[in-house]
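My questions will all concern the structure given below.
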Amino acid sequence: MARIKLGMVGGGKDAFIGAVHRYAARLDDRYELVAGALSSTPEKSLESGRVLGLADDRIYPDFEAMAEAEAARTDGIEAVAIVTPNHMHAPAAKAFLSRGVHVICDKPLTATLQEAQSLVAVAEASGALFVLTHNYTGYPLMRHAKAMVAAGSLGDIRIVQVEYAQDWLTEASDAENKQAEWRTDPARSGVGGSTGDIGTHAYNLACFVSGLTLDSLAADLQSFVSGRRVDDNGHVLLRFKGGARGMLWCSQVAPGNENRLTLRIYGDKGGLSWSQENPNVMEYTLFGKPTQILTRNGASGAADGVRIPGGHPEGYLEGFANIYVAAADAIEAARTSAKSDAIYPTVQDGLAGVVFVDACVRSSAKDAAWVSV
Amino acid sequence: MARIKLGMVGGGKDAFIGAVHRYAARLDDRYELVAGALSSTPEKSLESGRVLGLADDRIYPDFEAMAEAEAARTDGIEAVAIVTPNHMHAPAAKAFLSRGVHVICDKPLTATLQEAQSLVAVAEASGALFVLTHNYTGYPLMRHAKAMVAAGSLGDIRIVQVEYAQDWLTEASDAENKQAEWRTDPARSGVGGSTGDIGTHAYNLACFVSGLTLDSLAADLQSFVSGRRVDDNGHVLLRFKGGARGMLWCSQVAPGNENRLTLRIYGDKGGLSWSQENPNVMEYTLFGKPTQILTRNGASGAADGVRIPGGHPEGYLEGFANIYVAAADAIEAARTSAKSDAIYPTVQDGLAGVVFVDACVRSSAKDAAWVSV
Amino acid sequence: MARIKLGMVGGGKDAFIGAVHRYAARLDDRYELVAGALSSTPEKSLESGRVLGLADDRIYPDFEAMAEAEAARTDGIEAVAIVTPNHMHAPAAKAFLSRGVHVICDKPLTATLQEAQSLVAVAEASGALFVLTHNYTGYPLMRHAKAMVAAGSLGDIRIVQVEYAQDWLTEASDAENKQAEWRTDPARSGVGGSTGDIGTHAYNLACFVSGLTLDSLAADLQSFVSGRRVDDNGHVLLRFKGGARGMLWCSQVAPGNENRLTLRIYGDKGGLSWSQENPNVMEYTLFGKPTQILTRNGASGAADGVRIPGGHPEGYLEGFANIYVAAADAIEAARTSAKSDAIYPTVQDGLAGVVFVDACVRSSAKDAAWVSV
Amino acid sequence: MARIKLGMVGGGKDAFIGAVHRYAARLDDRYELVAGALSSTPEKSLESGRVLGLADDRIYPDFEAMAEAEAARTDGIEAVAIVTPNHMHAPAAKAFLSRGVHVICDKPLTATLQEAQSLVAVAEASGALFVLTHNYTGYPLMRHAKAMVAAGSLGDIRIVQVEYAQDWLTEASDAENKQAEWRTDPARSGVGGSTGDIGTHAYNLACFVSGLTLDSLAADLQSFVSGRRVDDNGHVLLRFKGGARGMLWCSQVAPGNENRLTLRIYGDKGGLSWSQENPNVMEYTLFGKPTQILTRNGASGAADGVRIPGGHPEGYLEGFANIYVAAADAIEAARTSAKSDAIYPTVQDGLAGVVFVDACVRSSAKDAAWVSV
C-alpha cells in the first residue's frame, strides 16, 4: 500500500508540536511528508521546508497557496497536518477540507466556539476525513481502560477525577517563550488558557475512557500570574448524564508538575488510576481485591496499539503515533470507500472540547454557576 | 513528672478509634489510663474496662457518673479521652469540662453546628483544656510542611488540592459493620457523612499546613449507595481569603483507596505533595529546580515530632501520639499555670470543621451555590 | 494478667536502640520497666534511670549488680532487655539467664562466634527464654510473606535477593558520632561491621521469609572509608540447601539510602518484593498474572501483627513491638509452663547470624572463596 | 543531506528486534530501508521484504548474495542492520564490512569469544564503521548519568549495583516461543543464556555510566528450568580496576519483572539510581542532601538525546533510535572522512561483552572462582 502523501501547515523552526506530528507520522511508515506551509512568513517557510527535505516547489508561503496548488497536482497531498496556533485551525482546515484533502488537526479544535461550529459544518459537508490529535487517547492503556469500563470491569461509573497539571507558566515569562507567547494570547489561543490548552485534553480523555457524556459543569478559573490574559488554573465540578460526578483540575502554575495528566475513575465494582508521566502502568482495583498493576503489554494482555513487549516502555510519541495510525487506516479505507473501524478523535470531539472551554469561561464569569453543555 | 491520669469515654470492644487513642496515650509514657465509661451499657462497659486492667470502682456505667465520681476523688483523672460516636462528643465533653477535667476529643467536634457552638462556649468558659485529635497534623512531615510554608519556601500560596479517598463504603453493607453503622446514621454521625468523617480531616490539614483561612465554598455532595442517609462522596470548590483557590474531594466509595489523604500545595515559588499512606516522604519542588524527596528525619533535618532516624518509618499511631504529646505538654504546663507553646487542634478548629461540614451540606442543597464560612 | 516486670541493660542517654526497645515494650502495655543498668558509669546510669522514672534503688551501676539484686527481690524483674554494644551482650545475657531471668537481646547476638556459642550453651541450659530482636521479622507483611511462601504461593524457591543499604557511614566521621563510634570498633561491634550491624538483619529476614537454610556463601567485603577497621560494604553470594541461590548486599556507604532493607524472593510459580522504608505494601506476582499490591491489612486479609486498618500506616516501632508481643506471650505461658506458639527470633537464630558474619569475614579473607555455614 | 540507504539481515516475520531496529532507523528520518535478507529461507525472505515495501530485486535469499549484489550497485546500501540470532552476527557482519558497508549489529556481538575476536579483527581492518546496539546507553538519562559521574557529581565511585531481571522464561516453554527457541539454544545464542542476552546489556551499561573497567569477576550461574541448556539466572561479583566493587544479577526467571534493568552507582560524594521501566526519571543524592528526582528534560537540564519536553515520556524506541542517530552522524561524517564525535557502542564494547559472558561461564564452571577479564 502506497504511503500517504502528507502536507503540513505550521510546524516550522521553534515550533513544538509540529515536530511531534512529524515523528508520529514517520514512526509507522504510513506517511510521506511532501509539502508544507510551515511558518508565518514565506522566507521562514522556505527555510523550514528545506530543512525537512521538501522540494522547493512544494514549500508554500501560506496554506491557501498550498491547498490550491496541491489540489491541482495529480500527485498532490492526500492529507494535511495542521499544527498552527489555535486561531488558524479553522481557516486552514476549511481550505483543505473543501478541496477534499483529509485533515489531521492539533487541538483544541479552534480558538472560539463560533469557529468550531463553522468548521464542523464544513467538515461534515466535505467528503474528507477530520482527525483531531487528542493524542492521550492513543496510549494503549487508555484504550485498555476504555475497554475495561465498557466491559463493566468497574461497574456503573460514579466518580471521575481528572487533572492535568504543569508548571511551566508559574512565572510571568510569557513574552520570552515562543510557546508561552501565543498560548497566553487570547487572539491566537482562544478565550481559554489552561482550559483550552490542557483542560480540553483532560476532558476528552475522561469522556473517552469513561464513555460518559457531560451534562453540566461549574468552573472557577483563575489567572494567577499578574497581567496574564487567559486562565492559568481552573477548578471544575462535573456532572455527567446518568448521575456520575467528577472534578477536573487544570493548571499551568503548579510547581513540580511537568505534564501530569492523571485520570482516576471509580464505579460500584472497581476503580482505576493512570498517570501520563509513566504511561506504561495502570492500577486497577476490583473492590475487595488487591490492587493490580496492569502493564501496557504484560500479563493482562496486550492493549490496543502496542508495538513492543511489556517492560519496554513506550511513550508520548508512540501514543501520538497511534492517532496517525488510525488516521492512516481510515484514509486508506477511504481510497476505496471501504468501511473503516478506525477509532480517532473526530471534529465532533473537537467541538465538544471547545464547548467545554466556552462553558468553563461562562460559568466562571457567573461565579461558577452551573452551565449545561 | 507524674504521668497524667487519664479516663476514657467510649472505646470499648469493637471500637476502632478508642484503641488508637490508647496506643497514642501509651507510646510516650505521659499518661496512665485509670478510669473509663467505655461502652453504651454498664455490662459492656465493665467487661471492656476489666480487659484494659481498670479497677472495678473506676469503671463507670456512663460518662455522667464518671465525671461526677472522678471529680470527687483526690486521685481523680486529670484528663479524659472522648472517643464515642459524634453525637455524644458534646454532652460528654461538657460534663468533664465543667468539672475542670481536660478533654481530648475525637473529631469531628460534634454532630451538629448547634452542638459545636454550644460546646465552644462551655470549653471557653471552663478553665480546662480542649484538644481535638485531628491526628494528621501530628505527622512530622505535615508540621515540617507547615513550617516551610510559613518560611516562604513556596512563596505566596495559590492552589490547595486536598483529597481524602477511601473505599470501605463502596457497597451497601452499612448495617453489617459497627463502624459503618453509626458513621452512616445522621443521628449519631451528624448531617455530614464522608464530609464529616474524613472531609473535616482534609479541610483541617489543608488549613493547618497552608496557614490559610477559608472564605467560601461550593459543594456538590452525593450518596452513591442507594438508601444511604448521608453523603459518601463530596466535591468541593474552595476559595481562601487572600485569593488562593482549591479543591477538596472526599469519598468513601472509591475502590482502591484505603485511606488516601493527599495534600498538594502550590505557591508562586514552589510546590509540595504528600500522601498519608506513605507519610515518611514528601516531595518539594522549588520552581525551576529538581523535585526533592524530603524524608521525616533525613537530610533536610528532623521534622518536629520524630522519634527515630530517617528510613525507619513512623506511621499513623506515632502521628496520633504526637497530638497526645502536645496535650501532655499543655496539661503539665496547666498544672502550674505555666505558659505552653504546645500546638494542637483546638475547640475552635473543631468548630471550623463543623462549620465546614454545615456549609458543604447547605451549599449542596442549593445546587453547589457558594456559601461563606 | 499482670504486666511483665522488665529491666534494661544499656539504653541510657544518646543511645538509639534502647529508646526503641522502650517504645516497643510500652506500645501494647504488656511490660512495665522497673529496673535498669543503663549506662557505662554509675553516675550516668543513675541520671538516665531517673529520667525514665525508675526508683533509685532499682537503678544499678552495672548489669552484675542488677542481676544479683533483682534476682533476690520478690518483686524482681521477670525479663531484661539488653541493648548495649555487641560485645556486652553475652556477659550481660549470661548474668540474667543463669538466674532465670528471661532475656530480650538486641542483635547481633554477640561480637564473636566464640561468645555466641558460649551464650547458646548458657541459654539452652537455663530455664529462661531468650528472644533476639531481629525486629524486621515483626513486620506484618514479612509474616504474611513467610506464610505465603510456606503455602506455596511462590512455588519452589529459586532466587533470594536481599539487600540492606544505608549511607550514614559514607564519610569518615566515625569518631564524632556515638553510634558510629562503637559500631566501627571491632572490639565492641565484632569483626563484622556492616555485615554484623545490618547484614545479619538481611540474612535473618531472608531465611525467615523463604524458610530456606544457607548452605554456603562467598563474600567480598570492603572498608571503603580510609582507616575504618570494619567492613562498611559487603557483597555476598548465597547458596541455600535445596538449590536456591541468592545475593546479599549490605552497605553503609551508599548515598541516598537511609535504611533500605529490600527483600525479593522468586519461585517457579511467583515472586514477591518488599522494602522496609514503606513496609505497608508488598508486591506479589503469580507468574503470568498482573502484579498485585498487597497491603498490611487490606483486601488480601489482615497479616499477623496488625493493629489498625489498611491505609493507616504502621512502621518500625510497631514491627519491633510485635517481637515484644511474642516475647510477652511466651513469658506469660512460661509462668505456668504452658505451651506457647509464639514465634520470635531465638538464640539459635542469633548464632546463625554470627556464623554468617564469621563466614563472610573468613570468605572475604580467602578472596571470596566458598565457606560452608 | 541524503538519507542513508540501509539494508537489513534478519528481522522477518515474528522477529522481535528487527522491527525495533526499523522503528529506530525511521524515527529521526536519517535512513531509508532499501534492501534485505530478512529470513532464513528465500521464500520467507521475499514475503517479509514485500511487506516492508522493498523492491523485489533488493530482497535477497541470504546475506552473502545481498552483500555481493549491493556492493556492486551504484545505489547500493551504505549501511546494514544485522538483527539475526547471535551465531549469524559474525559471518554476516564480515560479509558487509569486507565490502566497505557500515554495520549496525544487535548484541551480543557474537555467540562465542572466538567469533568475537575474529570479527573485531575484520572490523578494524575494514574502513567501515561498526555500531553495536547496546540501546540502553541511548537513554538520555543514562547519558546524563555518565556525564554526572565524569564531572565528579558522585565523587570516586565505590559501588556499582546493576541488575537485569525478566520473567518470561520462568516456565519451560522454550520450544513454543520463537524468541525463547533460539535464545535458549547454545548453538545460536552462544554459551551464555541470560548472561549473553541481558547480562551483557547490564554489564555494558554499568561500564558506560560509571566509566569503570572491570578487572575480574566471580560468577555463579544457574539453569533453573529443567532441561534448559543455557543459564537463565546469574549472580556475579564484580571488581573494577581502581577498587570499585559491584554486583550484577541477571535473570529471566524472576516472576514480576518484565524488563527491569536497574543501575545504581555510589561514590564517596553521592549516589544515583535509575530503572529502565520508567526511564524518564533518575534519583540523585548528594550525600547529606535530600534526594533529587532528575527528569529527562526537566529542571536539571535537557539530557543528551531528548526530543520532547519533560513530562512527555520517551521510551525504549527513542533510546534505541539515539544509537541510530549516532550511527548516522558517524556515517555521514565518514562520507567526507570528517571527524565525528558521535558516541555509540563499538565492536570493542561488543568484544568486552562477549569476554564478560565467557568469563562468567568459566568462573561458574570453576565454582565461582575469580576470573580476570
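Labels A, B, C and D are assigned to the chains in the order they are written; within every chain, residues are numbered from 1.
Just so we're on the same page, a residue touches a chain if its C-beta (ideal position, glycine included) is under 8 Å from a C-beta of that chain, and two chains touch if they have at least 3 such contacts.
Computed from a predicted structure; not experimentally measured.
Engineer: Which contact partners do chain A and chain D have in common?
Structural biologist: B, C
Engineer: For the chain pairs B-C and A-B, which is connected through the larger number of C-beta pairs in contact?
Structural biologist: Higher C-beta contact count between the two pairs: A-B.
Engineer: Name the chain whose C-alpha centroid is most distant from the C-alpha centroid of chain A.
Structural biologist: The chain farthest from chain A, judged by C-alpha centres, is C.
Engineer: Which integer distance in Å separates the CA centroid of chain B from that of chain D?
Structural biologist: Centre-to-centre distance between chain B and chain D: 55 Å.
Engineer: Using mean CA coordinates as chain centres, what's the gap between chain A and chain B in Å?
Structural biologist: From the centre of chain A to the centre of chain B is 43 Å.
Engineer: On a C-alpha centroid basis, what's the spacing between chain B and chain C, in Å?
Structural biologist: So the centre of chain B lies 35 Å away from the centre of chain C.
Engineer: Tell me, which residues of chain D touch at least two other chains?
Structural biologist: Within chain D, the residues that touch at least two other chains are 257, 283-285, 291, 295, 298.
Engineer: Going by the contact rule at the top, pick out the chain B residues touching chain D in the complex.
Structural biologist: Touching chain D: residues 283-285, 288-295, 298-300 of chain B.
Engineer: In their shared complex, at which residues does chain D touch chain C?
Structural biologist: Touch list, chain D to chain C: 154, 158-159, 161, 163, 167, 170-171, 218, 220, 222, 224, 233, 235, 237, 239, 245-247, 249, 251, 253-257, 264, 266-273, 283-287, 291, 367-368, 370.
Engineer: State the interface residues of chain D toward chain A in the complex, per the touch definition above.
Structural biologist: 16, 19-20, 22-23, 26-27, 29, 53, 166, 257-260, 276-280, 295, 298, 307-318
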